[in-house]
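One chain, subunit A, links the two complexes that follow: it is found with subunit B in the first and with subunit C in the second.
Take a look at the complex of A and B:
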């Protein structure tokens, strides 16, 4: 809820349009490896947006995000695949998202009553429960070795390397290129809806619950209902994210959806900036891409070994964990607003400052017109 | 939302206990439709507890609160808000975001746009929110916040934030407004301005006001009726002029060297045997045993 852009003028839209054009053009230039990184980052970003709605928007902690990612991933794989009903892929995707939402709803007796850190502990149980089910419900999940994921098909167009063969501007479009656009579209949808929610009536109610439950209740917000609603919506984003992850991996295994995954998502939203959609995306890109980039350059980086090399250094995955662990400490200490807060604090006269500064000016508050853009947008410690 | 005169608020024999400690002891009062009723008393007298019961934050042990025909004591806070009871807080409680965000929160119960409609920006939700935003802007204008409508609350002065709370409460279209120390911490000019706003609001919106305030001058000028609490008991009530000269009120506020322990005894020893238990949730709770023998010294400060 931090960056307020009440209306979208052409100047506010321009940077977004440029970013979209750039992202759409990338598959023409990048090789499949980088596209896969991008795809994972986009999938993670959707999940992080959902978690940010819950943690940043409502002040609730969840360590069970991996569970809802798994529900989305296995839900899609089962609904669209064999064994399973083998539904059309788009329908299976929608149903997988709904399934994650239902799973979140089933948890509402807990999520509506338990607050903050205590909810985090309660959701921890979901991760272990989910892992147990994934290992044992072999008919659906394929057990320890996981299961294959049916490719996505939309109106006869398959998101694989063939059927139909496709090449754009001389670049052959394989699965990565095609899924890139699917991921981009879903991320766009997630971004758009989450921003609207945070800025609209539900987002204000959630922020009120976060800042003071008593005040929220007295102002007419049914607190428990909104707490569980936030949990359901967050689960649905996680479900979508999980389904996209399943599509990107093409095979899903139970061990991926462990507690570390939940913590990765918390790291994403803390790094990116709590409560901000853009922050969630930035954090997701950082946390997801870092180990993969380190793996790619393991041979040239000091102290980092190639996977399986067994040398003196650390593996790229471990190195990435050290790095983003350090990044979290740095962010918490020096930039509590996260990456987004850093960008916004820089008093650059460029596009970031423009919308924030022009908004109050339009409504005749010239005295305060300049200040919002330069101040860090933290919760002021005025209340309570 | 402009209906007839607001219903009267009748509080009857309201008793609240916190773990054996009586915070409110059979308190009764009536807020007449359209009046400004002040609730006064020294720190720890139970004024805020009374507000918490009226707004549904706290459940009474016994007694009833009726707004018109509706009993409020069994209702959840958001249901009470929906019946037209809005309150402000002693310590400012605003959410992050602009003045508009805070005022729009006050419109929550009066609007419908849910998660799906808001997420997809469905036309009816957008239209609804725009209409409510204009209404919120009107209340901002009424309380003198018009020029600050799109300013982040964190950048406002203390007095302005107090007025944001008032405007946000008004956004609920209340029929009864509960103001918990609306001018605490303000300077003289800000106080007069706030008093003016409260008068304007009462006149223009025709609502009843129940307010807790320590500024006696302001209470005497503003209120139609005053109820005085001390140690959870109603010790006096009536028109401001009568209350000001009531000997019991004078004793509570100024202390009375002529009658030290004897008259104070019934009011003080009644609640419980546990002498020095602190009142939970009340930062300024006094240790009762210590305060009882020497009301003159300590209470002189709080008056």
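Take a look at the complex of A and C:
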């Protein structure tokens, strides 16, 4: 993975500033339905960034992300609500994130030692064990039917449709609009932190561990500690994401936090591009919004039945699953670097393409005619 | 005493079915380093084809056709999708199998709907009485056929060119390629074999006393994951051992549920994972897995 030199100066900040202004203005124009989709996407993005720190940063595969989302969600719901201690919401949120971190830390005897697919399947166990606990610890989780989530309040300002009544520029601000800004702030924080982790000393250490554990150890990187630490940080991101999802849903049930959710998160980061924070956000938006948008426009799409039509055709939920599966296969087949890889492949404006690629194109010869002889031959390529 | 023996037999039958699926995982992993998440939907495909075909063709031809078709589909997944991808990117290939799984599973679930399909196996709900213990004939058939099939696959590992190539490829892909092993062919065959094993497992999973084939039957593959991991992902005997361990554990936890009620309902479903975590804590590479030596 090539490190890019960070650009500085006003020109580099401008696109970000524009994006932030746009995102802040959206609640003035969009309906609550779209804001809810955006809210879920933002919550998912925070979780995906966390998983990306683990999988993309250190090369560890985790299928247990749904478990840590659940810890965050139920942690917040219990700490802030009844039954539970009924703590102030911001404190409950922070404690829920810490709780997810502790859960990740408790798993460190496994996450520090077990590698590759072994870790992937070991974390699979967390999802099933977590589900079992969620169903049986009814005092905390409410059992199969789940529990309600206390609304978020900050310094007397409630993130619900009332208390206090609020309208900005003639647009009444309900729960979705208010939570949108909360989500945006938390996503910004998560993005900023993750970028700094990846670009700073820990990020380089993690990349060294990913590329070769032995070489990293020789260079003085405490491998097991960094692997566990990455797991803890990723769990904390998941906890924050889970708490935000709980706030958006207002009611959480155990069945939501199943293996499918874990797989969705894995798909997000791979679709977006492993190791890239922006990619994780893009992947999260894609995976979260696709089924919801398809359901919304089911009646205008060809071949898709309306929900509840009962025909032999393909329902919107199924259509979304087909598209989702096909997107995973096709994106990875043709762009193994994910969506971010697609963007980066196009040369930046003002930079010339590599001379070797552009020279044969001048005289009209196919550009790749010369490449087989140029390309270093590799035993794997010739055999497969 | 009879209940204990009963539970043990149940566990062995369950374990033998897990072993068929887990062996598929291990074969694909050995050949390509990929964790095949599509195994569950391949299993469902095999079961569905048998269920649809058995009324017209009769049971045995339907089963054989379903096994062959599933093997073909699995082989095609490898040929069409995974071929030509950089084989070192195991992560990416693994996630691609998730995509394949979603596609296959959605289509099959749509076709099956809420139905409960029967596969038309000849055993029905017959029972055998052996030494005072009554067991369903299908369980005995499950153990017998699994032992035969797994024995054949193990023999193929040892005594055929393909088995030798597979073992060479899993040791060192590059060296194997230089020795003339056709990695692509070895891998496609491995996929096809894993597909065939999954289709066969579908039969025994849905036979009496199980109710039949549902859209969720494929989820059984999720329990074969711990079985494969537990024994050591690159070790076929390990997969066998792991499967039996998981099967017996699950049967024990389900059988003695009332005594274990303090741990919550539905313990049988999570016990395999608990066992796996404990084993991985002690042996991070599984029971029979070898620790990878790393050269710098």
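A few remarks follow.
The working rule: the second predicted complex is superposed on the first by the 342 of 384 C-alpha atoms of A that agree within 3 Å, B and C clash if a C-alpha of one lies under 4 Å from a C-alpha of the other, contacts with A are read in each partner's own complex, and residues count from 1 in each chain.
One rule holds in what follows: contacts are C-beta pairs under 8 Å (C-beta built on N, C-alpha and C of every residue); 3 or more make two chains touch, one makes a residue touch a chain.
Remember, predicted model here, so these are calculated numbers, not experimental data.
In the superposition on chain A, contact of A:215 is made with both subunit B and subunit C. Look at A:274: by the touch rule set out above, it reaches subunit C but stays clear of subunit B. In the superposed model, A:25 lies in contact with neither subunit B nor subunit C. In the superposition on chain A, contact is made by A:124 with subunit C only, not with subunit B.
Looking at the shared chain after the overlay, A:91 reaches neither subunit B nor subunit C.
Looking at the shared chain after the overlay, A:14 reaches neither subunit B nor subunit C.
In the superposition on chain A, no contact is made by A:139 with either subunit B or subunit C.
By the touch criterion defined above, A:325 reaches subunit C but does not reach subunit B.
Shared contact residues on subunit A (touching subunit B in one structure, subunit C in the other): 212, 214-215, 218, 379-380, 382-384.
Those residues of subunit B that touch subunit A in the shared complex are 55-57, 76-78, 80-82, 86-87, 89, 91-98, 100-101, 104-106, 108-111, 113-115, 118-121, 125, 129, 147-155, 161, 168, 172. For subunit A in complex with subunit B, the residues that touch the partner chain are 1-2, 4, 6, 192-194, 196-197, 200-205, 207-208, 210-212, 214-223, 229, 233, 359-360, 362-365, 367-368, 371-372, 375, 377-380, 382-384.
Only residues 55, 59, 61, 109-110, 113-118, 120-122, 124-125, 128-129, 131-133, 135-136, 212-215, 218, 259, 263, 266-267, 270, 274, 314, 318, 321-322, 324-329, 332-333, 336, 379-380, 382-384 of subunit A touch subunit C when the two sit together in their complex. Put simply, subunit C touches subunit A in their complex at residues 29, 35, 37, 81, 83-87, 89-92, 94-96, 98-103, 106-107, 110, 173-174, 177-178, 181-184, 187, 222, 225-226, 228-229, 233, 264-267, 269-270, 273-274, 276-277, 280-281, 284-286, 294, 296.
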